[in-house]
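Worksheet: one structure, shown below.
A, B, C and D are the chain letters, set down in written order, and residue numbers restart from 1 in every chain.
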């Protein structure tokens, strides 16, 4: 069928009409091959404008539509809907951006007009090679995979599990609870950590919609929001693996401590009685705070900000738990003297200040310091430091508790790889936008909760868990259809030679290899349409819908004509 | 060409939808001024940019080719731009080795919030290309 | 020092006897080698299963009809060898084979590779003119005395990768004065060692003669530099490039014989590469005229972009070029340059990833604006 | 041998300076008079070491046209296919090609690979071409050699397949530049189609001039060549007949398939002999080696060449492109000419002679080829 292209140029009020000589554009394109009609209109995205377009398409029997107006990021969707309403395939449409790209970037009307002509011509040339694409719909799976059984993971699971939504909670250790298992008490209210975990464990056990996998790791994830295929594998016993399908994934893989051996000045690993905060929590939980020789310490130094310079960020929670440690110590060892070394005291929030005020007191020194060094002196530890004024000082202590920086768990990069998301500062999972989308990731349907996102206290972890749950509850409504990407890759069976180059570069596992035919095959439901495989394929066997070699080539050639 | 009017180069700019095209939009909505030499070709990811497109554009007479994508680590498709960078470097090296005016090819990372950077990169590149003069490939017959 | 077996026999006769022995004892079921196939003495790569047929084998014959790397790929691409096979390959053929394996185009399973320090080969032109036999004694004298012959293919004269990678057994030829009486096989791998177990000969510990090989390498590198310098003005700048490739007849024979060009249909012969009537209009309006078929420079630049990273410099392309474009030196020069950029030697390691199929997060920042 | 029908028009054009300039001037005039818009004509490449077809719109570039190059770098049929395979040329285009190239173009039109709408195919009396490798040895000297030989109708330096070409003045396109038998300082322009007639008319040229002297000369030459051709074919058949001889003839073949890739009528995107269908599992190759003792590898060299004869010999125009590019000098064009003469003869078919003749593959007669059937039937 001969193509009849309708070209419509939007005045966008004064936005375009004042900066671009629209009549010149009309003149330049009206005789191009395939162009049936060229018109200008005051505001095409308005209700009137849309009605006008539908009428035009029907009246002229148009087969293709080109609109010269604003950015496709603004109104491509709008005009695709217009196409649908007028009965032509929404992909037989191309939008030339003459507003953001022409009208708004120069005061030279002549140049803006020239560029508008180029872009409109290129769009007309391109649209001639467009083909109809059909929308696909699949039923979204409402189930959720939660990776990590700490408090963030537990809370997410409890929020989400319901008779219409199954939750798979995967934990790599043998029990749920994460780091809280080692905490005797939880600041600022100093309730028992074990109570919290016990209660949560019980709720999980009772909930028949949560399937817990312990000693299990996630091996593979392919798919997208509403349809992720997941493979998990037991780390113990038989290494058996299991596959299931979920609609969303929450990463709650938590954190661990920076290894203080990498900052040798604190003597960790070399000197007795220099321990990390977590080791101290465990010691405290065991009921006896003691030195290596079994004696009770009389003087204790807590050193904050260990590794902060190396990591390049404040770990937010150390100051607060150091205060909690002081509470433990004061409670359990009478007359204990504690010196808390810090570089900046970080006690934000509505309850923390009060907690700090209540912790201060006799025998508790808060010392702002730098250049700390811990050495052995006789049977004690000697802490050399510079005080606020830069003067060199010494302090002797029986025990040193280090508060090292918080960093992501060791398998964070593997999880990032598996779920195709990126890692940001310090290796924590990167959010999509630090303000506007703080728990979403670059992979739609994958969310972050808790310390996997950055150092967080329990309160903040739970807040995030609930936020992630909210995201999922609103986007994955059971029974609602989802639309997988339409502009996906396709590999020609006759041209593919099976070198697997495409498969290697695909971030999503969307390409599999047909061993019988020795060719690569795109799973169109998983493909996200980036086109990486297409550029990687040397023989042109791979192509991507709506961004085909020919469509782009024609657009380029016309643009530089 | 009109008198007293500077020569306006023609630069093909491959812009990824999520970062660089959005950055270009931002430059526009912020009314930043930059030369209308840039002819944007929107792709979903910079990794769609087949090096053959760059060769085609150059031989077709484009005075410059800009490939722009999300910053490394921020790719909307996770890792696409790392491959883009390798492919681009390979081609650029070949252009270097063949003295094919490699300065006409450039790669830049421009995020959605970097409207000013987009305006700067395009302005600077246009200036550079202007100094090089028109791409003589567009008059060649025996390509 | 590496284990080696020295057999008191002529290098070629000795090797043929050795291969015969392997076939006779069932240690291998097939031998890949160059072989005379008719009374005219035409030589092709062959797969030999009957020991007697090895009488016509000429494993070290100084020609390369096709880069046998692509032939080994053809042999194993649908199915790895199911029985034990030994293949006599030149170093650049092994490298090509390895590059193809990285692209899933073949397998080393059940294949023992026998190679040698390679003195290079003659052109197809000389094959066509039946000049090889006449030149044999001159050729072997040159190999023994580390000389570089002028009439070898430019790709070979300038080759500094004449010591094989990934060969299980390496026959010591270059600079070895005793090859007429002695066959020295260096056993690089256990696989190679196992094959020679029952073979009569002297078991020694021996390396290739480093000094002589280095001397040879020096000469080759000098020749390479000379050829690179000569090619430079011919390929620098678009005009020179057009001059050099102007006589190209678009037969794409270079791509067809290139072992790295493994595609079913070359992208430059695919529907995407075809011009539509409107494309000719665009070009004519722009240029006033256009060479047809179009796309000569595009093809060569594109092929460089596609294969330079894996080019093993075998010279097959130049050997088949009907219009004598110095392709092998052009591709070798650009190839080495881009390979250096990624610190990559094509075909050296089987487990090294192809540079374009992987990346480092922090690299190549000098290519960013 | 086809001769133009009587209703077609012929004219005489005078040559002021030299033939090439006269032809270029004629083409320029055609553009001026809007008889056609574009011209495709060979030109020297920038380095002056070879020739290439150039599609020209700009008249000043046309000055570099070289209507009779000494070599055939790209077969014209292939060239026309590259321009029109995806649709007719937008603007009217005159194309100067040798007769065998014009025939290939017409043959390809039957196969959907060229679109003749908007094309005006102009051929000329062809003296043959030199082997491209000979030409490249010393391009200036060889060009001179070629021109001398062409003027003297001496074909010694031409390719063997040109030496036995009996269709070197065959008109199958729209127009033909006849130099044989023409008076000094002139050439004939002979029409062979409506398009040709229209051109002569529109250019305002005299019509219906007598071309008998050309016809006689052409007839004489083609008869001589035909005789030579039959003899050569016989000699060759003796030499390569029988499987062993044939196999030996292809002994040096390196399976580069370049003969196929330059062949104008081998138009497949992917040759059957390079497709997946010919790639076997290693077992298969090994068992063949075991049963024969040894096989050349790649095997199936003869399958390729004989298969190609089956695939394309009916359309072979004996242009010699294959032989020009064979890296090991197999006389492949001579072999294919011998076969093509036989196979085309079987159907009284001449490849590319006329668009109206269907390729014998797609036609049949109810009563034919009975001598090929089993006589016991």
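One rule holds in what follows: contacts are C-beta pairs under 8 Å (C-beta built on N, C-alpha and C of every residue); 3 or more make two chains touch, one makes a residue touch a chain.
It should be emphasised that the depicted structure is a prediction, and the values quoted were computed from it without experimental measurement.
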Far-end chain from chain C, centres as C-alpha averages
A
Which chain is most central here if centres come from C-alpha coordinates alone?
B
Averaging over Cα atoms per chain, report the distance between chain B and chain C in Å.
38
Just curious, how far off is chain C from chain A if you go by their C-alpha centres, in Å?
47
Geometric centre distance via CA averages, chain B-chain A, whole Å
29
Using mean CA coordinates as chain centres, what's the chain A-chain D distance in Å?
64
Considering chain B alone, which of its residues make contact with at least two other chains?
51-52, 56, 60-61, 73, 79, 83, 87, 138, 141-142
Give me the residue numbers in chain D that touch at least two other chains, ranges are fine.
45-46, 52, 54, 61, 270
Where in chain A do residues touch two or more other chains at once?
494, 505, 536, 549, 553, 557
For the chain A and chain C complex, residues of the former touching the latter
33, 125, 494-501, 504-505, 518, 536, 538-541, 549-550, 553-554, 557-558, 561
Under the stated contact criterion, what part of chain A meets chain B in this complex?
71-74, 97, 99-102, 104-108, 110-112, 114-115, 118-119, 122, 420-424, 430, 442-443, 487, 505, 507-508, 528-532, 534-536, 544, 547, 549, 552-553, 555-557, 559-560
Touch list for chain D against partner chain C, complex
38, 40, 45-47, 49-50, 52-58, 60-61, 73-74, 78-79, 82-91, 132-133, 136, 247-248, 251-252, 254-258, 261-262, 269-270, 274-276, 279-283, 285-286, 288-290, 292-298, 324-325, 327-329
Taking the complex as given, what residues does chain B use to touch chain A?
2, 8, 10, 12, 17, 21-22, 24-25, 27-29, 31-36, 38-45, 47-53, 56-57, 60-62, 73-80, 83-84, 87, 119, 138
Considering the complex alone, what residue numbers of chain C touch chain A?
77-78, 103-105, 262-267, 270-273, 278-279, 282, 285-286, 306, 354, 356-358
